[in-house]
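Order of writing sets the labels: A, B, C and D. Residues in every chain begin at 1.
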Amino acid sequence: MGFGPFLLLAVMEGLVSAAVLALTAVGLSLVFGVMRVVNVAHGAFFMLGALVAWFVAGHVAGPPVWGWLAALVVAPLVVGALAALVDISVLKRLNYEPEAVIVATIGVLYILEQAALMSFGPDARPVAAPFTLRLQLPWFGYSGYKLFVVVAACAVLAGVWLLMARTRFGLLMRATQVDRNTARAFGINVDRVYAGTFALGAALAAVAAVLVVPISQVHYLMGADPLLLAFITVIIGGLGSLRGTLVAALVIGLSDGVISMFWSPTLSKIIATLLVALVLVFRPQGLFGAKA
Amino acid sequence: MKVWLFHLAVLVALAVLALILPAYHANNLARILMLAVFATGYNLAFGYTGMLSLGHALFFAAGMYGAALPVSLWGLGALPGLALGLLAGGAVAAAVGLLALRTAGVSFMIVTLMFAQAGYLTVIYFNQTTGGDQGIVLSGAGRMLAGLDMTQDGPRLMVALGLYAAGLLAALALVQSRFGRVMLAMRENEERSRMLGYDPFRVKLAVLAISGLYAGVAGAGYALLFGYAGAGFAGVQYSILPMLYSLMGGAGTVLGPLIGAGAMFYLIDIASGLTTAYLMGVGIALVVLVLFAPRGILGWVRERVLPWLP
Amino acid sequence: MITTKKTGLAPSRRSVLMGAGAGLLAGAGLIRPVWAQAAPLKLGFQLHATGIGAGYGRWYQRTADAAVKLINEGGGIAGRPVELVYEDDGTDPKRGAEVVDKLVSQHGCDLVLGTLFSHVVMGSAPRAGELKVPYLVCSEGYHVASGALNRWTLQPGITDVRSQISSMAPWVAGNIGKKVTMVYPDYAFGYDHRDFFTAAIQAQGGEVLAQIAIPPTETSFTRYFPQIPPETEVIYHVMVGPGVLTFVKELGEFYGTGAKPQLFGFIDSLEAVDTATPGLEFLEGSHFWEAHPRVKPADAGEHEAAYRAAVGVDDNGASTGDAADVATYSHMFSTWETLFFIKQAIEAAGYTGPADRQKLVEAMEAISDLPYGIERPQGAKTFNGKTHQAFGVQNISKIEGGKLVKVHTTTIEEGLYPDAVDYTTMAF
Amino acid sequence: MAAVILEAQGVARAFGGLRAVDGVDFALQAGEIHALIGPNGAGKTTFVSLLSGRIAPDAGAIRLAGQDITRLPAHLRVRRGIAYTFQITSIYPRLTVFDNVALAAQSRGVRDLQAAIAAALARVGMGDLAGQEAATLSYGHQRLLELAMGLALQPRVLILDEPTQGLAAGEIAAFTALVRSLVPETTVLMIEHNMEVVMSLAHRITVLNFGRVLAHGTPEEIRANPAVQAAYLGTGDAAA
């Protein structure tokens, strides 16, 4: 394959990676931005969303698109509700102290993973894509659904941006983000905003899972890698910056894709990892974080 | 004085335990002690100095391979191997610190995490030498440590106890020293400390390197005592484990990491006998702990019973 | 829901057994009076119940339970009933060593068996050697026969990868192509393939054009496919873990309907996966190595049906209760065969308890011929006492209509290679 | 005239478009109490931050006893004798009073830590509070602790950023007496809004406005300076 087509493929793959990263990171970024806590269980919520998608898709008759659409509705609701429960019963009682939240959400991660192992089993299961479309280019073929994921990621990000910028709940979240105590003094029910934000973050993880699972599989340990990558994306982007998260996803996804053209897979990963680390070393506040 | 007597008494108690425990638990004790060395060093950086690193697996692995490779490839003796592992852990930690300490907080977490991830992949990449994920087994001959046979349970436990005792006493001396007070100062208020004439970068770099020495000797010890080195020990969970041990036992307490390592070990050991989903037990325990004893087991004791504990 | 023998409750379970045993004595005692006196033989099983190997572990347990049931129905081992004690190692080498300890020191097992993943074997074998306990792995890794381990570690129930590959290569070169690109995971089990297939195909006058090692953290593969040289005739693929389906699907999307190389894969990629799963259509017509054909071949041996019935597997290699629950058929027989190997060795050694462990290993090393029978449903084997490794026949199957159809069986001789170690000269 | 101990020449620092400090020349004389006053946003805190090294200047030079320290990092300036106490109380809340002061004293390599701490605490009248956790102190005591930490450094120049802010009237009187007792061993530079304190304590005053020096001189000269009255004292009631 010539260099041109190879580069094209690398860029397409990079874009898909970026879309997946952005999708998994946006919920984490939201929670991080508004509540200033690291939700280690974010990957587990992602996994749970995929699991619900698998379950729903298996129980809806007709072409795969119906099952997939049903999952797109059901998974965020189920996962979001569970997250709200976690927030109210655990995180709130920890007063959102950063270290305590890390430990507690590691605990939640284990609980959810093991619950999945017990109910779902250890095997990987596929979920059918809502449509099958294969693009045949002169040099290689490509999955149409993967490109759809890129479009969907843009839509989800735009939706989150609209929510933050244009809705009352978005306003409440932004107010709470600036100063929890002032928000409370202004009569905002901070507890409810936090529970809502945490649930929304988890629901976004579930949406990401429903979108991503047709190009991977459901597995009870599937949450670990997305969590790490999403976490990295959020930090590189700059704390809680939606724009930063998007740009970081593009930088990481594309660099990962293009770097993999030149070296063996493992060496590419090493180089890409170090590169991203160095971005932070020389720009510790992230790409779009405020200085100091 | 009281503090030193107390910790010496703990070491004596451990030695007595080592003598009377049945074989299985005696061996567990050896493992727990080595993990506790690792976590004690981690806690110096995390609990005392406030550096939340997710890169300690790299320092542990540096020590592990720093000892295991020369021993298995060139027939180096176990004792120099142990020393090499110690230095490798410290050197890698210092090198990572030089870059990573330009950042703080969550960025520091991520940068250390990514360096460790790159380290893990590097171990995989050089699998012809390191054995990659499958790892390498050390022969019995390579595990003769200063005349003590590490394939024998008794000497092994003795060495583990010796290493832990050295690590504990060094940590105790450190946190009780003037420098130990500066470590706390970094954790509590870095800007104030700078305006008292301390260079946060150098203090933190020194602590990270010391912490790396602990991780290095623990990794080297783990390889030599138990005869195996593998890429799994360089994985991200080996950065998270010492943090969990510290938090569970009590971050910022000298004995906490030992208590945490022991509690976690037996939590898994006992729960795995009851259910396949034993990690769920771990999960529940973590949530309960953080809800009801947020300062960890020893932190709880210090608040209520022994306020003078370092 | 996974059901595991709750080893932590073993004492209470034992007491229950004793109570029940007393009640049954009247009936059972008439048939097998010897059971009344004999203490059970306790065999420790290191099980991948959680972690990345959990999909395999479930079937290993099921097969081992079935074998023990059969052994006990036949009068046990040396007249003693057999009891399996399972401990989960989380598919982790560190925990693996601890589990060996626990099974031997805590549960008092006579020996330990059952480990699949190579890194767990490597992590655990030193401890077995220290405890001087026979450690019988079911891993197919080339770690036992390479000499990396010790006198106490043996692999009597499954052929190692080096041998499997050596016996495959002539067929691959002769029937599908000589210019090969390898895609394999960048860890343990991938390296054996990399090293030995490359050598084996060269011996056949073929060559490996590219070796693409996929790092274990990777979940997407398309970006590496352009590294497959266009003149490639055969893509040799071996992947494990949850990423396998993605790999195949993406390969299918990449090549599509256009010209494409032949595919040859190791079934490890698709163990516990239904070959008719949507997305795997691309595999139609491609070939796989199988140790033990998942779909019962027309010419299957006389004991095949009985073995399948005992484990609860239908003729398609799925659970009899659930056609979607596909077995890890090409690996799990190893636990069965290992248990019968243990029976043979214990009875030959006159083993009565832990003091006889050395005698037991010597008896194992003395075994060489392992003929076909219900004890060895996968096929006859020879056991090399010096290298502690068993060698058996291998099979090649083709996917036709979404089903694996056996097309070729190798001989044991094709898989033999010079000894790399003589464990019998090593100290215990 | 006494020797100049700390000197700034044309120092400037901008944040974005805002010139917070815009070419300030300044000289602190050994042994004096010098007050820095000016309206809010005049650049006072930025200026002392430049002196103490917390922020780097865009231009200009800073000299301590004749030696150029413009590029010296903050912690080394502290070692050379410039101590800084924060505008917003900045202590180690979870450490004891003893440890708080010890951190200051050991920074200059004191042999007898106990004695140095006891002396510093006695000076601020907190000798009996050494074992208490700093977070549990009253606000007034926390400010005094901060001062004790500054004293324990035995600095040549002690920079106090609004030390009396939030103190009760009685506490201010004690504080004034304490600061007066520090000179001439130590030189004191203080930012202060309380004009009563300024006029009674300061030997000399520098007035900043919009990042520039508006005036400097003795309290009497400043009181009489029409430019200062216009720009800062305005109606003149601030002195009341």
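Here is the rule we go by: a contact is a pair of C-beta atoms (placed from the backbone, for glycine too) under 8 Å apart; a residue touches a chain by one contact, two chains touch by 3 or more.
Model, not experiment: these values are computed from the prediction.
**Student:** By the touch criterion stated at the start, how many steps lie between chain A and chain D on the shortest route?
**Tutor:** Contact-graph shortest path, chain A to chain D, evaluates to 2.
**Student:** What shortest step count links chain A and chain B in the network of chain contacts?
**Tutor:** 1
**Student:** Looking at chain pairs B-D and A-C, which one is connected by more C-beta pairs in contact?
**Tutor:** Spelling it out, more C-beta pairs touch across A-C than across the other pair.
**Student:** Taking each chain's centre as the mean of its C-alpha atoms, which one lies nearest the mean of all protein C-alpha atoms here?
**Tutor:** Chain nearest the centroid of all protein C-alpha atoms: B.
**Student:** Farthest chain from chain D, comparing Cα centres?
**Tutor:** Chain C.
**Student:** Please compute the C-alpha centroid of chain B, do the same for chain D, then give the distance between them in whole Å.
**Tutor:** 44
**Student:** Which integer distance in Å separates the CA centroid of chain B from that of chain C?
**Tutor:** Their C-alpha centroids are separated by 36 Å.
**Student:** Taking each chain's centre as the mean of its CA atoms, how far is chain C from chain D in angstrom?
**Tutor:** Result: the chain centres lie 76 Å from each other.
**Student:** Check each residue of chain A and list the ones that touch at least two other chains.
**Tutor:** 117-118, 266, 269
**Student:** Where in chain D do residues touch two or more other chains at once?
**Tutor:** Correct list: empty.
**Student:** Could you say which residues in chain B touch two or more other chains, in rising order?
**Tutor:** In chain B, the residues touching two or more other chains are 117, 121, 124-125, 276-279.
**Student:** Judged by the touch rule stated earlier, which pairs of chains are there in contact?
**Tutor:** A-B, A-C, B-C, B-D
**Student:** What residues on chain C touch chain A, complex-wise?
**Tutor:** Touching chain A from chain C are residues 1-2, 50-52, 54-55, 57-58, 186, 212-215, 217-220, 222-226, 230, 241-246, 249-250, 253-258, 272-273, 277-279.
**Student:** Spell out the part of chain B that touches chain D in their complex, as residue ranges.
**Tutor:** Listed in rising order, the residues of chain B that touch chain D are 178, 181-182, 184-185, 188-189, 191-200.
**Student:** Across the complex, what residues on chain B touch chain A?
**Tutor:** So the residues of chain B in touch with chain A come to 52, 99-100, 102-104, 106-107, 109-111, 113-115, 117-118, 121-122, 124-125, 236, 240, 244, 247, 251, 276-280, 282-287, 289-291, 294.
**Student:** Sort out for me which residues of chain B touch chain C in the complex.
**Tutor:** 22-24, 27-28, 31, 117, 121, 124-125, 127, 131-138, 140, 151-153, 226-228, 230-233, 268-270, 272-279
**Student:** Where on chain D does chain B make contact in their complex?
**Tutor:** 52, 54, 73-76, 78-79, 83-84, 86, 90-95, 99, 102-104, 106-108, 113, 149, 153
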